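Look at the two complexes coming up: chain A is in both, with chain B in one and chain C in the other.
So, the complex of A and B:
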């Protein structure tokens, strides 16, 4: 499964953390410094407890993140030795009292995962499919956006990673993060409002397409085995017919499997209104609409009509860019949480 | 794939026995947190000076990577916290309850298992007889109830110091400076410094130092403890502890035997969060990074009854000289060696079994009594550091003709003796005991402990008896106090069945109020009968201590920030 699905990019990057400690602070290792930088990073105003804190998550400074997460991956978890049937082990001369080698990571890693809109310009519609190069462009565009909005925080975190010393500009950071990129194998995303047309497999077509030459080949084989040398009516050689037909059937079967895999790998189309600006606008409109409803309970038709007109004018439901909830907050109640 | 340990995250005393790295002085301070905030503030302050396991530069060596090497300090600082300490810091219940049972209970509650309390007494009788009346007041007042109490020891801070410049027996002034800084930090944070150390309880800290001896007119630190044995030779070596180059030399006689020469033990036997010798990750409390790179330590103040030891040895030596038909000096030296498993200078019986061999060995290595003192001192130091002093096994001596099976060092580190496939009896071809060349450390590699600590008490130039204060401050480090330290203490020191010794306890460290015997086998070919020591008395007794958790730098920071989140 690739990084791209439902018009979102499921970005995963792993940056190896340097061993030891910086020469000017030998007391605190790079792993520790990375952890401290992460611990100091403010969370979004995403719960009543954090609603009133002074600082918001730096990821809320752009309009592309649905979710972002950074953590230190110390090592892989070790699940114990590979067990073997003792009798087999004895026969193979495998001494089970001897410790086996243990798989380890070569360094601790800073993991950065993000679920982002797969676009290169703010406001673009979500794409249904992108080439590998276009996906790289999306990643780089996103990295530049991060650099422009949170350079200070990124520098504090990533300066503990290998190879970050040369990163001084947005473009260099984009290249750096791209080197750290690994393919995401299991993206998670939200539900569709309306089910789109999925890439259903034309199962019957594939089945019959593969079976037809195979059946012809088998029939010709039977004829050939009982000594008939020519196919009745057509007059083809039975030997040539069964060989060619069965070979064709196997070739088509292989092609069908490849087609099924390729079809399965195609990204799912984006959901309607699934980009971040639409989500934020929807959250905003939903809250304001509830207020409108409450305020106009029992109002006359004319008053309701006027109020609704005012509502459209004030809250601009058709415009995703203005009068919308800012990223990283849970409510549009306070004016400071609204982008005018 | 091999992976280097994050030495900057592990406390320095886990990878180094400071005493052997030219730090002959130590002070141990104990603290009590009146409330979580003051405890956190204090931990936050002290963690900034904690000595990590980062490598120290070697003499005349340019560090290949300056970020990996730290200058060697004049005084080291390390922290450990008791369970009551973690409780007082307000750690989450989920984290606390996942700590091992023996750590939660503490050392006092385990006295019966450890043999610190007379195992022949019922719990009630022991309480009535005030079994811990001889403990230092600080340890008597520790954990007086299961509820938090005023006298609970919450935190242990260990300071180790090098020699002062141009001296041979004075601690570096950095020790006093660091101690002053520490007490000031405690005062500022609102943390209580606990005194009550020493038999009279009039000491503010537990001091310790190497035993000094007058060598050629100069006072020099020795490797001796107060009974006169050379100590601390065979500490385990584990993967990642040393650089590859150092490991190859150090692992000889200190690792495990698995059929391919000496190999380092698995990291997980001593550092939490890493695979251990059972090829598993030892269980740890959540969150994962809280216990990773940490370990446990048992702090034990072991008093040495030097008067009793000398008296018993004299009596036994008299009889042995008579039975074995040897001189008094040879009798005494032999008995000492047969109790310990090493001659008093550390030469192992497994390699040099007889008195005559030993004297010749001393001469050959030039640390015999005829060599000038200072030269002998230096030669001896070189020998004790070498693999030669450690590279031996027991499976070629199953009957214990060379080193008795019940001897101290054979009990606490059984090497290849307990391999179940070892053959006993005589080899019909040679008529000698079987060599068992393929014996492994299979049952020993899960019971190893790191010994970090120093002797305490007067130098060898002063008079000592049972009432003077001397002994060893033992800091026993391991990933599982239950599986490693307590097992060795209970099964191998205070009991003898694994060595075919019945109820006989370790001749040096065991209790001898009931079982007073130690058997010294003799090779029948010598024509001599075995000798049974029968007047042993308790030479070493615990004067208090507790179990502590040694957090990683990550865990110290998490505690200081108050962000230990087990979810």
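So, the complex of A and C:
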């Protein structure tokens, strides 16, 4: 389950959007209504234009998601007809002037992707590994958190989607979002101070392990084809040898592929301060530390010691719940951007 | 950025293998790590059976699709340039199964391909919008040093502490500073933010009213 990596869940969900328009607003399609609902969601206080607005993003009402995005996928992309070698096309009788079939989706999809701390209780440490069931618990816990903090916004967006009609509670939304879940294949994240211990793949061992019986099998095949019935020195039947060796090589190749997939799916461990509360606290401390540094240029040892004592008292470096930057703001400069 | 690329079904298993092998052969990941501008990214291989069916019907598609989403700092051009210049072969492996993928060099057809296969984001949230990926890593490094100083402060003399502080400050000074707005990457986004303000406020006020009502009903 590569959804989980570095202690985070790479949540990917696709919710099909209903066709047509609702009966009470026949002029506006569900796709357009979903887009309007998304356009009316406040973003983070992230730019000069949004910095002083009254409302921050509803996603800033929790401390689990680092990043989130929603978009409407109206249809899949068509990159033009598949070309073919003209000789092969002529032999196969493929008339390249005839249109090829083009993929079309049954419905537009609302895609929701979030990069979240893989926890079920706020303040929990990030996990190194989780079972499939535990990952589902994380997904559902996050969905419930969203429902508890932004039910109205979610309703406005998702009421344009299939299957949302019966969603009235946090648990129902968690079940609904889980039905929309698709597995992330390849996650990537990097807040590492030191590179993690990777799950190294013994590539050369696997390669030589697969090649050895295949080479033996091919040599035996060549001998058999030129009429040699026994392998020199060993005396084995060349027919049996090439069949068994090539079958063994193919079997090992299959095993090596399965092993590489299994090995790659193993999650990497979280970085030292990889959860969102730690990241926010680190950003806060960085800014306050800059002030301390500037204010104490040339200070005596005792003054520096005392100033740092005050710094600890005021900014509580170990406490990640208070004196920290709130989510979705540019900096801790303004007191309104600090959780006291 | 969101990119949805049609992919040959006969090749997507190879693409999955390439992804998983790269996670076990970290020298291939180091290029991606070395770009130092991506916070989180993901590739999602969608086979026809993977599309959730909530009543719209099972998707009957001849192709598999790969969804790529990346959270990066900087502009679109900077990002694509960094990919193409920094890890061209890694990039070609990650899009191995993509139909009509032109390879990452030369860059013009590559940029055209991304543009054509890209889906605009309708809503985006970033919990740390003032900080690029490097800023976050620097702040984490400073936080690490500060916590060590906090521990030292408990049981050291002012002289010992001051010496350690100055040493730590020397190490962390490159990252000391204040986060701020990034350069305006898109005037259209800036204008949209301005123009949406009233709508955003009105809808949030309506939601707040609904929330209060819900709370009252719960308490009653």
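Here is the rule we use: the second predicted complex is superposed on the first by the 276 of 340 C-alpha atoms of A that agree within 3 Å, B and C clash if a C-alpha of one lies under 4 Å from a C-alpha of the other, contacts with A are read in each partner's own complex, and residues count from 1 in each chain.
By our rule, a residue touches a chain if its C-beta (ideal position, glycine included) is under 8 Å from a C-beta of that chain, and two chains touch if they have at least 3 such contacts.
Fair warning: this is a prediction, and the values are worked out from it, not measured in the lab.
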Chain B versus chain C as contact partner of A:318, first or second or both or neither: second
Touching partner for A:246 - first (chain B), second (chain C), both, neither: neither
Partner chain in contact with A:22 - chain B first, chain C second, else both or neither: first
Partner chain in contact with A:191 - chain B first, chain C second, else both or neither: second
Touched partner set for A:260, first chain B, second chain C, both or neither: second
Winner by number of chain A residues touched, once chain B and chain C are compared: C
Contacts of A:218 with chain B and chain C, given as first, second, both or neither: neither
First, second, both or neither for A:170, with chain B first and chain C second: neither
Which superposed partner A:181 touches (first chain B, second chain C, both, neither): second
Partner chain in contact with A:287 - chain B first, chain C second, else both or neither: second
Chain B/chain C common contact set on chain A: 35, 39, 72, 77-78, 80, 103, 105-107
Complex interface listing, chain A residues touching chain B: 18-23, 26-32, 35-36, 39, 72, 74-75, 77-78, 80-81, 95, 97-100, 102-108
Sites on chain C touched by chain A in the complex: 2, 4-6, 16-17, 19-26, 29, 32-33, 36, 38-46, 50-59, 61-63, 65-67, 69, 71, 94, 99-100, 113, 116-117, 119-131, 133, 135-144, 146-147, 149-150, 153, 158-159, 161-163, 165, 169, 172-173, 175-181, 184, 189-190, 193-194, 196-197, 199-201, 203-204, 206-207, 210-211, 214
Touch list for chain B against partner chain A, complex: 1-4, 6, 8-9, 48-50, 52, 54, 65-68, 70-71, 258-259, 266, 273, 275, 277, 279-281, 288-289, 292, 440, 442, 553-554, 557, 561, 563
Residue numbers on chain A that touch chain C, as the complex places them: 8, 10, 12-16, 34-35, 38-51, 53-55, 57, 59-60, 65-73, 76-80, 82, 101, 103, 105-107, 109, 111, 113, 115, 151-153, 156, 161-163, 179-193, 195, 198-201, 203, 257, 260-261, 263-266, 268, 271-273, 276, 278-283, 285-287, 289-290, 293, 300-302, 304-306, 308-309, 312, 317-318, 327-331, 333
